[in-house]
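Note that chain A is present in both complexes that follow, paired respectively with chain B and with chain C.
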Partner chain A sequence: MTRRLLNGLVLVALLVVAGFVIHTTPTDAQRDAPIVVSGAIGSPLSGRNIAVTVHEVHLADVVSTASWQGETEGVWVVVDASAAAVETENGALLNAALVIGDRTFSASGRPGLDTIADQSLAVGIPITGPIMFEVPVDAANGRAELRFAQNGDPRADSVLAVAVDLSGLELEEMLTASEISRGGS
Partner chain B sequence: MSWIRSNWIALAALVALIPATIGLTFSAQWLGYFATWPSEPTVVPVNQSATYDTADWSVLDATRVSADSQEGSDLGLPEGTDLVSVQVRVDPRGPSPYCTLELDELRDDTILRTWNATLEFTTAERSGCESDYAVTYSFETQFLVPSDAGADDLGLALNLSTTDELPRYLRLYF
Partner chain C sequence: MASRARDLAAKVPTKWILAGSAALVLAASALFGGLNDAPADPIPTLRPGDSSTGTRVELAVDRVVVIDGFPDLYLEPEPGFRYLVVIGTATNVWSSPVPQSLSSFGTPQPATVVSPRIEGLEAVAPEEVLVFSDATTAGDLQPGVPVQLAYLWQFPAEAIADGDEVTLDLWDETYEGDSLIGFGDRFSDPFVTATLTLPATDSSVVDNG
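Here is the complex of A and B:
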């Protein structure tokens, strides 16, 4: 009788442990989820191997740089930001995105080398300059989120997120973007 | 107790097999991971040389130029940066091995930050290993670092590695 009771208790204990393991094991999505560090415009954000500060955000119909001028049927969201690596110099700012609602816009490649998107990141030496996003007119209002990561695939790595309220920004007819610079703080 | 006694062989096998399985799984993953990058340093103190791969290596000289200095201004160094130049002597036995060069910032034995070599400001004849050299030669490698690199209790060391010797590498202090 005692032995049967003991067996029953062991079985219950094993079931409880199994249930605990099943319900606490991370799903694939949870295991691969990026580690998000959130902040505001002007505040330095730092992750595993990326540090970013968003200085300003502008809306414009036309953007020009030293060697490029871009018109659009939508709106340019121009972000002035600084980015650096933290530990090693084996990456670039390959993942800069603007999330508006359920839509995600990648940084435009149209400005070529006049944007800091896709540029190599140096450890402790920030590169400062513009990142341009080309979005539809109906998307350029309301709350949005800027996201930055070092790799094209940010799974299980740091993603720096900055909240932006696009509805509070004035639409400029023509914007001259800042030039890219290195160093400083 | 009688159950344990009658099943002791299977239980003993479990005791041996569980740690062995975990050990094999981790070793297959981690040993392969560490073998592909410089992870086993051989420390070379200041003014000393070391044999590594098929050559002897030593640091001849090292300089540091601040962006705030006249020389740094003339070079066009970005604000808040220093240019670290390290001159390395190579005594190869046969053709010189090709090497990869990085600059590590360390606290004790822990690497905090690592910079890649830059060619942006170099005026040296040789800026790295020359695999077609079979005689003694030297080169100068440069690193652009923030001005706080190696400050206070932190140290800087040249990280020199060759593909054939990985994961072993030289940590050359200067």
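Here is the complex of A and C:
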């Protein structure tokens, strides 16, 4: 009798433990989730091998740089930022994205070398310059989030997130983007 | 009589009964056309100006141009070849960026947006995709932002002359869900969703786009 009671108790205990394990095991998405570091415009953010400071955000119909002039059917969101590596120099700013609602926009490659997107990062020597995003006119208002990571695959690595409010920004007809500089802030 | 039938039924192996009844069902369905070829869905033919909407990209083809090359962009075809340029407006209808220029590593990629039907040319992705307004390489199409693009293929110079009709295949792809090994959305099995025939315009060498 006592033995049966003991067996029953052990069974219940095992079920409770199994239930706990099942309900607390991270899902694949949780296991692979990026490690997000959030901040605001102007505040330096730092992750595993990337440090970014967003200085300014502009909206423009046309953006020009030293060697390129870009038109769009939408609106350009031009972000002035500084980016540097933290640990090693074998990385680049390959993953700069703007998230508005459920849509994700990637940094435009059209400006070529006049944007800091895709440029290699140096430890402690930030590269400062513009990152251009093309978004539809109706998306260029309201809350958005800028995300920066070293790799196209952001799983289980640092992602720096900066909240921006696009609704308060003036739409400039023609914006001359800042030139890229290395060093300084 | 009934008992003889029962004895007979007991002697017949079950397999025969199953196979026999399956054959009967098939034969019966054949009477109603069950063995005929399934009718293939005809691929719709678009009229000039119509757009084709795929899973991720909507494309409205404006025109087709044949041209010797774009020396200013360092785009020169192989000797004996010219460029066929499909100019159209592409819109990303997906929620994340859609790459337009595929890095091919020397291997022709299967077409996923548009490809011309040219004799001796497989339905491959374009060699170059350029943004029409500034002649830069089209990287990602951004959600909801229409862009006029130029898709470039090389073709044997004598295959198409000014005014020749060129048939374009417009492609769609199948959304496979989340990638199992990598991450993010996965697409595969491109298929032709519509065709469009336009006359090619011969253009002399121009300096841009």
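What we mean here is this: the second predicted complex is superposed on the first by the 184 of 185 C-alpha atoms of A that agree within 3 Å, B and C clash if a C-alpha of one lies under 4 Å from a C-alpha of the other, contacts with A are read in each partner's own complex, and residues count from 1 in each chain.
One rule holds in what follows: contacts are C-beta pairs under 8 Å (C-beta built on N, C-alpha and C of every residue); 3 or more make two chains touch, one makes a residue touch a chain.
As the structure is a prediction and not an experimental result, all values here were calculated from the model.
Q: With everything superposed onto chain A, say whether chain B and chain C fit together or clash.
A: Result for chain B and chain C: fit.
Q: Which holds for A:129: it touches chain B only (first), chain C only (second), both, or neither?
A: After superposition on chain A, A:129 lies in contact with neither partner.
Q: Based on the superposed arrangement, let me know which partner A:47 touches: chain B (first), chain C (second), both, or neither?
A: Neither partner.
Q: From the overlay on chain A, compute the angle at chain A's CA centre subtended by chain B and chain C, rounding to the nearest 10 degrees.
A: Rounded to the nearest ten degrees, it is 100.
Q: Decide which partner touches more residues of chain A, taking chain B and chain C as the two options.
A: Partner touching more chain A residues in the overlay: C.
Q: Please work out whether A:155 is in contact with chain B alone, chain C alone, both, or neither, and reply first, second, both or neither.
A: In the superposition, A:155 touches chain C alone.
Q: Under the stated touch criterion, which partner chain does A:34 make contact with: chain B (first), chain C (second), both, or neither?
A: So A:34 meets neither chain B nor chain C here.
Q: Looking at the overlay, does A:183 come into contact with chain B only (first), chain C only (second), both, or neither?
A: Only chain B is touched by A:183; chain C is not.
Q: Quick one: classify A:110 as touching chain B (first), chain C (second), both or neither.
A: second
Q: For the overlay built on chain A, what is the smallest gap between any CA atom of chain B and any CA atom of chain C, in Å?
A: Minimum C-alpha separation, chain B to chain C, in the superposed model is 18 Å.
Q: Would you please give the residues of chain A that touch chain B in one complex and also touch chain C in the other complex?
A: Comparing the two interfaces on chain A, one with chain B and one with chain C, no residues are shared.
Q: Considering only the defined contacts, which chain A positions touch chain C in the complex?
A: Of all residues in chain A, those touching chain C are 32, 68-74, 102-106, 108-110, 112, 133-136, 138-139, 153, 155.
Q: Under the stated contact criterion, what part of chain A meets chain B in this complex?
A: Touch residues, chain A against chain B: 86-90, 122-125, 181-185.
Q: In their complex, what parts of chain B are in touch with chain A?
A: Contact set of chain B toward chain A: 67, 77-81, 112-116, 144-146, 148-149.
Q: Along chain C, where are the residues that touch chain A in the complex?
A: My answer: residues 95-97, 131, 133-134, 136-137, 139-140, 142-147, 182-183.
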